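Supplied in structure tokens, the structure appears directly below.
The chains carry the letters A, B, C and D, assigned in the order they are written, with residues numbered from 1 in each.
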Amino acid sequence: MPQEIEKHYKEILKQYIQDQNEKDLYSGQKFSRQFIEKEISPEEVIGIHKASLKELFPEASDKLWHSFDFLIEMMIHYGLALQEHQSLIRKQEEMEMEMKIAAQVQNTLLKTKVPNFPCLDIGFLTIPAKQMSGDYIYFLNDDPNNASVAVADVIGKGIPAALCMSMIKYGMDSMQYESASPGIVLEIVNRIVEDSIDDSMFISMFYGMYNAENSAFSYASAGHEPALLYRAAEGEFVELDADGLLLGIDRAVHYEERSVQLEKGDFVAIMTDGVTETRTESGFIDEGLIRDLLESVKDKPAQEMADTVYQHLGELQNFQLHDDFTIVIFKKEDK
Amino acid sequence: MPQEIEKHYKEILKQYIQDQNEKDLYSGQKFSRQFIEKEISPEEVIGIHKASLKELFPEASDKLWHSFDFLIEMMIHYGLALQEHQSLIRKQEEMEMEMKIAAQVQNTLLKTKVPNFPCLDIGFLTIPAKQMSGDYIYFLNDDPNNASVAVADVIGKGIPAALCMSMIKYGMDSMQYESASPGIVLEIVNRIVEDSIDDSMFISMFYGMYNAENSAFSYASAGHEPALLYRAAEGEFVELDADGLLLGIDRAVHYEERSVQLEKGDFVAIMTDGVTETRTESGFIDEGLIRDLLESVKDKPAQEMADTVYQHLGELQNFQLHDDFTIVIFKKEDK
Amino acid sequence: MEYRSSVDIYTEWDIVAARQLGRNEAKKLGFGTVDQARITTAISELARNIYLYAGKGKIEITCIHKDDTTGISIIASDEGPGIPDVRKVMDDGFTTSGGLGAGMPGVRRLMDEFNIVTKRGVGTTITAIKWIR
Amino acid sequence: MEYRSSVDIYTEWDIVAARQLGRNEAKKLGFGTVDQARITTAISELARNIYLYAGKGKIEITCIHKDDTTGISIIASDEGPGIPDVRKVMDDGFTTSGGLGAGMPGVRRLMDEFNIVTKRGVGTTITAIKWIR
């Protein structure tokens, strides 16, 4: 085969030398792409070029051929860089494939079951910025009267964050039958995190628990974004925040617990900073935008509310998210 | 600057054409490396070469110069591939950095404490083939008389495997105070795995437990490589294997449990297939090789034994592992 | 002085015609041999793209000026299906971008400025500029 | 017929001597110009490695035979500090391996066979072979 290539090369070259036709350059360049695909290195091209010229200019001086030997020598490292490139592309493609599988594994590992309550409409959505998510939603339905949700955000994205998430999941799993209150849950998770991960990783978490008997929504926060409570009667938003450090900083943190009463039509929106700190080309979005968006769809089902927020904020940034985007909505319905 | 490069190039080339000295080729090649670093593309090199020759051979025919135009055209795609390479290297380095952090997170998440027994010498070693490991060693010392170890291998490597490992870890953690026997441990872990991961992921696991009171080593295996028991008195190896499916296939698997008595100088080597199926350029290694290696260092401390096996098998494959490489040695010592 | 001329792309031979036009203009403007070859290759890739994915379109070559420098501008336009995912097409080193160093990332590298406007079902216009150094 | 000769590497000029020796042998054995340049580059990289990291060492060039084919074998040995992490040195595309296409991955690519034995505090021996096609 190399011989055939050499022959073909010589023909095009000869043609071109004769009449300098653009067509020959086009054919030559198309041919050169095949060279690259066949992993023929640039020094080999120079070698072929030299051999072709030797036939075309038999009378040329030895000095000219020496100059080609020099050029071949100059091309060797270019050839090596190219081979390295080909190996790197393979590596990169493998890596992409691996990330795809990892994202699937993450999805299966972290799957959570949404509580089904007649008086509570739940909507949620979590979109990773890269392949792997560092945001996490965990639903707990440990007691027939309690619907709980943990929304967590690992500071950092990608694979390292995803690994941390699996730890949170197993921490939460271990509390499945304990009916613990929000402050206690965060204290336990904080200890697990503090024990298992190194000091450079922090996690913010909001934990909310709705009790169907008394319609109370109690919550605690580990340095997480405040949630938004919408008061249907007043048509106003209230921020839900509570004192508490990020998870994984200090083993002995106490988490404040608060509680609000939900009335018909009220809803709580728990988000991560990927939502509230949406960045567009002209900077961060206005704080009021999310409230306006939520209010404009307050009479729709909770899932549609969450979808609308993503649809609008996603569009603002051409759907090229800078951070994982997570939103959970608990909306009190008619009994 | 390009002008200076051109001048320098012409000088070396002229020198070489005059006396074909190896020294000039060496200088030229060193120079060409700078070219690549400065992102000078191969077509530019041909351009410089042509310009230099024009000065050195002013009398040459136009046809020769046309041939160089053709060569430049042939080199353009090589130049593009090279630029692409430079951008890909940058991307790759970012990815590597992320993987490095992820590997650290994994290490911290999966850390395990080696039991310290006066009558048992423990050596172990686990080397990932890629940055993230899909092999896992977990030591348990739940009872002052029991030193246990789980050696697991996720089928698959890299990030997806690493995510699964964190699940194993939390499964094992939950058994920390239960003093369960090997068969029971595998049954519990099997159920956790079956619940949490999708059907395309399987895990092999060997679980061994040494009891210091009666010197019994009991074990069970979930489709894992047989361990090797060395009988010091006979100077012979025995394979330790037990019936049991891979983890994550069937929720109801029963794991057979077996037991052997360890005498002074006996040792058990638990490995993953990354060790036993070491691939060299000429195929898989001979089965006897690992036994010979282990026997040759049987009187050394357990850690040195493990290190020796890695040193030898690593060398055979130029330390480019095809699979994660894990070995644990339990060696009975004088009381 | 503004100069403009164009080649319609229907067949593979039109690619050669567009190359020839571009090379002539680049030469006239005073680009060196290597840059001539680069500009021609960029035209070649753009024309090939039209030929392969839009079926037909046009390559326009314009001589342009900014401050004291002169440049050549290539506009490749078609009324084809549009590019569904521009990010993918501009991504390096994957088969989607045409393989090793070719395709749109290649054009961007060969030229100094690069801009792409595409709309589904309406078509694509790519503008690429190279300045004389 | 076995042929063997060697060059001690102390100074940068010894790198040139090793190259010269390798090129002569490769030429004698009938390697083409491009392969001569590749073999010489491999020797250059190996000798440079000795010069830079071990301080001193040796390059041996041997003519070898297997079945009906003839080849050239390069053995680079030193009593330097050894390579702490061979995997890193053999890894592609990173500064540790000498940057773009150079270093040990380069040598492996330039030759047909490649083997490295290194021990901390004892030294390193690298063997690289190329066969005539």
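By our rule, contacts are C-beta pairs under 8 Å (C-beta built on N, C-alpha and C of every residue); 3 or more make two chains touch, one makes a residue touch a chain.
Note that the structure is predicted; figures quoted are calculated from it, not measured.
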| item | value |
| --- | --- |
| Intersection of contact partners for chain C and chain D | A, B |
| Contact-richer chain pair (by C-beta pairs counted) among B-D and A-C | B-D |
| Chain A and chain B, separation of their C-alpha mean positions in angstrom | 27 |
| Rounded Å distance, chain B centre to chain D centre (Cα mean) | 26 |
| Distance between the centres, which are taken as Cα means, of chain C and chain A, whole angstrom | 33 |
| Distance from chain D to chain A - Cα centre to Cα centre, in angstrom | 44 |
| Sequence positions of chain B contacting 2 or more other chains | 25, 29, 33, 36, 46, 69, 73, 76-78, 81-82, 84-85, 88-89, 91-92 |
| Set of chain D residues in contact with two or more other chains | 40-41, 93, 100-102 |
| Pairs of chains satisfying the touch condition | A-B, A-C, A-D, B-C, B-D |
| Chain B-touching residues of chain C, taken from the complex the two chains share | 32-34, 37-38, 40-41, 92-93, 100-102, 105-106, 109-110 |
| Partner chain A, residues of chain C touching it in the complex | 15-16, 19-20, 23, 40-41, 44, 87, 93-94, 99-102 |
| Chain D partner contacts - residues on chain B that touch it in the complex | 22-23, 25-26, 29, 33, 36-37, 85-86, 88-89, 92-93, 96, 315, 318-321 |
| Residue ranges of chain A touching chain D (in the complex, touch as defined) | 43-44, 46-47, 50, 69, 72-73, 76-84, 87-88, 91 |
| Residue ranges of chain A in contact with chain B within the complex | 12-13, 16-17, 20, 24-25, 28-29, 31-33, 35-36, 42, 45-46, 49, 53, 56-57, 60-61, 63-64, 66-67, 69-71, 73-78, 81-82, 84-85, 88-89, 91-92, 95, 98-99, 101-102, 104-106, 108-109, 132, 156, 158-160, 162-164, 166-167, 170, 173-174, 196-198, 201 |
